[in-house]
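A, B, C and D label the chains in the order they appear, each numbered from 1.
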Amino acid sequence: MVNVGILGATGMVGQRFIELLGDHPDFEITALTASMRSAGKKYEDAVTWYLDSKIPEVARDITVVDTDPGEVKDVDIVFSALPANIAAVVEPQFAEAGMIVASNASAMRMEPDVPLVIPEVNPEHLELVEMQQKNRGWDGFIVTNPNCSTIALTMTLKPLYDNYDLQRVYVSTMQAVSGAGYDGVPSMAIVDNLVPFIGEEEEKMETETLQLLGDLEEGNLNPASFGVSASCHRVAVLDGHTEAVFIQMEEDFQVEDVEETFREFKGLPQKLDLFSAPAAPIIVREEDNRPQPRMDRNAERGMAVSVGRVRKDEVFAKCLKYVLVGHNTIRGAAGASILNAELITEIM
Amino acid sequence: MVNVGILGATGMVGQRFIELLGDHPDFEITALTASMRSAGKKYEDAVTWYLDSKIPEVARDITVVDTDPGEVKDVDIVFSALPANIAAVVEPQFAEAGMIVASNASAMRMEPDVPLVIPEVNPEHLELVEMQQKNRGWDGFIVTNPNCSTIALTMTLKPLYDNYDLQRVYVSTMQAVSGAGYDGVPSMAIVDNLVPFIGEEEEKMETETLQLLGDLEEGNLNPASFGVSASCHRVAVLDGHTEAVFIQMEEDFQVEDVEETFREFKGLPQKLDLFSAPAAPIIVREEDNRPQPRMDRNAERGMAVSVGRVRKDEVFAKCLKYVLVGHNTIRGAAGASILNAELITEIM
Amino acid sequence: MVNVGILGATGMVGQRFIELLGDHPDFEITALTASMRSAGKKYEDAVTWYLDSKIPEVARDITVVDTDPGEVKDVDIVFSALPANIAAVVEPQFAEAGMIVASNASAMRMEPDVPLVIPEVNPEHLELVEMQQKNRGWDGFIVTNPNCSTIALTMTLKPLYDNYDLQRVYVSTMQAVSGAGYDGVPSMAIVDNLVPFIGEEEEKMETETLQLLGDLEEGNLNPASFGVSASCHRVAVLDGHTEAVFIQMEEDFQVEDVEETFREFKGLPQKLDLFSAPAAPIIVREEDNRPQPRMDRNAERGMAVSVGRVRKDEVFAKCLKYVLVGHNTIRGAAGASILNAELITEIM
Amino acid sequence: MVNVGILGATGMVGQRFIELLGDHPDFEITALTASMRSAGKKYEDAVTWYLDSKIPEVARDITVVDTDPGEVKDVDIVFSALPANIAAVVEPQFAEAGMIVASNASAMRMEPDVPLVIPEVNPEHLELVEMQQKNRGWDGFIVTNPNCSTIALTMTLKPLYDNYDLQRVYVSTMQAVSGAGYDGVPSMAIVDNLVPFIGEEEEKMETETLQLLGDLEEGNLNPASFGVSASCHRVAVLDGHTEAVFIQMEEDFQVEDVEETFREFKGLPQKLDLFSAPAAPIIVREEDNRPQPRMDRNAERGMAVSVGRVRKDEVFAKCLKYVLVGHNTIRGAAGASILNAELITEIM
């Protein structure tokens, strides 16, 4: 068993880490950190548990410590569910102290020597780790996963990008409130309403996607060169981001071929049979009104992306449209970091 | 006062007609029709009133009749809130009987001699009426308004189309449940969920928009030639459709100019100062999180479209993005037909 | 394995039966019935599956038959998820044909020779079966479970009734929309709203509760003699009924004792360790804001009732108050019938 | 015109005060206070306006000042929408400075010389003002209105109390999220959920109700002597509190008589024809599924309480049940204080 810690263990994503790691066959939770207000308390006393599962036994009695590498002993991997501003300061300290940091925070994603990885999409970017350790003189290192909306989108773009010439991608999201944290969206803002704005989300989708699909050449990342344009919106859904995708293709295509491309897609986690890997990363729904967040977010324990309404635009011959749903706090956050860690443990 | 009737007066849109016409200065409700189940009853006994206003006094005691021109006496204009399949049969009968039919139904929209009109966008298409009456030997005639999502979109496209070269429009909607009628969307389908499909809605948006912006040449309509691609979704909002719009422009543009173009836009209803015309058809919101359906649907008594988040895409220089909100059962349905009737009464 | 069938297998409660029986150790689904529209189709083609689990493998390929005992072969127990008016006609036919009918329908609940049973509350009422078979000349028999709201309430009243003198019970419910069936509550009725009426629900709570707690003497049921007064309301919750209970007690009491009484309560299903029996029928929550339907409805796979906010009224010394949550389509419907069948199989 | 100020003008209730006073015939808004963060800004720049109406013109340009009587000049009446802890300190300062404080805060409600008033219920309690001024040596004075849930309940209890002997009242509330302030209830807590707890709400309902219906004898208030027992719950409704009321009566009664008692009820505001007074304080709905918060909260511009489902309990002959809806931030907060001020202006 690998000892793991969770940084920021009392928040929404922190709780998902604990839920997912509670019965993990290879990782054992041995450290939990939170803000100073919680430090010193047993986890079950420090947390207001928001999930409808129970707090895993293994975590209940762990004494929460301050988010400081000096407080986290005998741990090999830390999962970071920290806010970006704190992550920017603290994650390097943990890497310097020799730990592997599998981070869901955005702080380090755009550092040129920090890999931003989805295991099914760009596992080869992990080779940046070597440069990172050399550059920074760290014994440990940081690996990040993308923003929740980006992960679901990019998982579906990967097989298309490998098989078609994409010209431009337009994506309109309908995102769940859990993405903003438990207190992030007041009910007054979302009952009988939606909010057509999520701070910095569109920028992340537009840059991270291209970076994930980019090529690494001698330590330099060349982003993919098609365009991505995003419009992000918050709707009255608890978990599960829905995205309407329009892709202007360079050439004509058949809808059946696209569906087949989605269905056949497998990545390294599937080949290596990693514990958290979904059997199929992409599930293609045939019904005309699916995927739906409440019905499809938990597919493959929340780790698969469901795609449906794959269609060719009636007006523009070369425009592909589809709708996707992915679980934002599992596949789009905690599960993404865990899958990164499983991959690292397996291949590095 | 012009005597008016409402066909399909007990449904969702029928009720909006009555609410809006209850205190109209020029139109007086004198006839209400519904299915045979309701015929013979006083309106207040026939209807389950779904709006949070009161039933207007003028309508309460009207005896509902069957939807048959023989039952509707001394009426000049009928407003149709009928289902498409019934409208296809009945609206021509009313026109033949000499009445003006201002219809919200989709049945006749694509007939080449039936004008599909938004008064701010293409009032000149009303000249088709002459051909319609001649072709069909009718004393009355039918005028239609577009689908709810199309109206809001096209009102914002009109000033852009007049001032810029549009290449392609991608639109992703987040539509209110009232658009499906009172019983249309079960709560089990929409609480903590959304439904990424609305039957025939995308097709309507993709064809009606181009027809509305098309040119009439010697009785032939040449649709506008840019592309429109729609993806339509139902969300947990009672009233007010929200649409995320991406426009691939032919040339570069300034966001400020686009906003100014929206703000300055006036149509014939504004020039003629029609009773139901909003002072400004398009309201530009400056806040980064507006428009929102609950906050903006009732702008200008539900007759204006609110636009916000006007921005230039960071990745594609020529891509314009914005979000709009329009009231689907007022500006997108009953109010649209009423404004058509006001325009007809004024200019024909 | 006992072969079982489900009557009304395509509806909301029918689906829950299939979900719960999909991996049952003692019952094997071998027959599914539905309306004639579905008869002849494979179940997976006949049903629009509303649950977020998958259709169990065992049910997918079963050919749906008409709800007629002649169509249901080699089955020992049928579970009835039929509407009351159909159940009234059909359930006796199945019993006459020699099958055990474990019914969730209300049709036969008030027949003097049909047991209305919650296994934790009044298993001894099953002795009515003998009279039923004799009276009616049936080889099979019918056993019913109460209305969803009644089950949750009565499970909490049982230990109180056994330990205290109850004078009057006032209960105000906040019920989930799934209780009305998939199409039962339009979203227009419940978004930003609630509906303070559920047809016949109050009457059922007020009579069934007393019957369940009543004594059987020589085949005659003497209902319990305290009063029950209910007010029933529908709120925007998918699953899980919440009930605010006020009990006017005959004598003073201690809150701690009441909580202890709840915690210690075990019934026959717990003693017999029936498969669907919750370890504890009543879970006592200590938090000041629990139970909540989304958080607590699935406790013990939906078979336990969660109780919280147990308190003594500050004004009336003898008034006990608490809030309970129970899963309406599991513990309150399909799970209730299944537990009845498990009990029957074990003891009769 | 009387010059009025609003203390705590940027919050939820503060905004309602401004909305309601925007076109008041007798009161003119001339001062607005808020926390120091807002002081010095124009109101329209200081506020995030949450209502779907526009900010009234009169308020837009007022410069917000600190909540300090020294900053509020030439004002006769201040309306307080302050949090209780601030109100406790600041309201006495404003009264001492000679102003009339019409407060919605709970801080001073239980002071023996501060009247807690609903104009339709206990206008005579205003005579405590004289004692208050004498006791405290103030030129101004404080008048409070009750908690939002209490107001709606007590308005319906008043005519019953005058005409029947009430023994015990049990009330279960389903309260709107706006009652907790804009940020008070996270969407994660209320989508597909409800929260069966509102801090101190039950205590307020149980004490304030009896105080409002109490008799003032020589400056001493004798609370009414029947019992009130409350259970309070938050549901996914934006505005409008719903309450299920059970009343154990001393004697038998007729439902029709109770309805008539509700309908005939008028208070002093109706007799004096105060500007904000509803024509009828209580509206009796006949439909079996009303009142509903979305449909009935705005009755009489939000100032009337709607009552429905008036019925006699089938089990207990002397138990009366009904459901009520009142607008929590209008009749239950800002409108209540304004009506108090109108009454004071008229009679004192």
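Just so it is clear, contacts are C-beta pairs under 8 Å (C-beta built on N, C-alpha and C of every residue); 3 or more make two chains touch, one makes a residue touch a chain.
This structure is a prediction, so every number in the text was calculated from the model and none was measured.
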Contact distance in steps, from chain A to chain C: 1
Maximum centroid distance from chain D, chain identifier (CA atoms): A
Between the pairs B-D and A-B, the one where more C-beta pairs touch: A-B
Interchain centroid distance [CA atoms averaged], chain A/chain D, Å: 47
Chain A-chain B separation of Cα centroids, rounded to whole Å: 41
Junction residues of chain C - those touching two or more other chains: 191-192, 236-238, 294-295
Touch list for chain B against partner chain C, complex: 50, 177-178, 182-192, 236-238
Chain D contact footprint on chain B (complex, rising order): 52, 191-192, 294-295, 298
Sites on chain B touched by chain A in the complex: 168, 170, 172, 174, 192-197, 203, 206, 227-229, 231, 233, 235-238, 242, 244, 246, 248, 288-295, 308-309, 313-316, 319, 321, 323
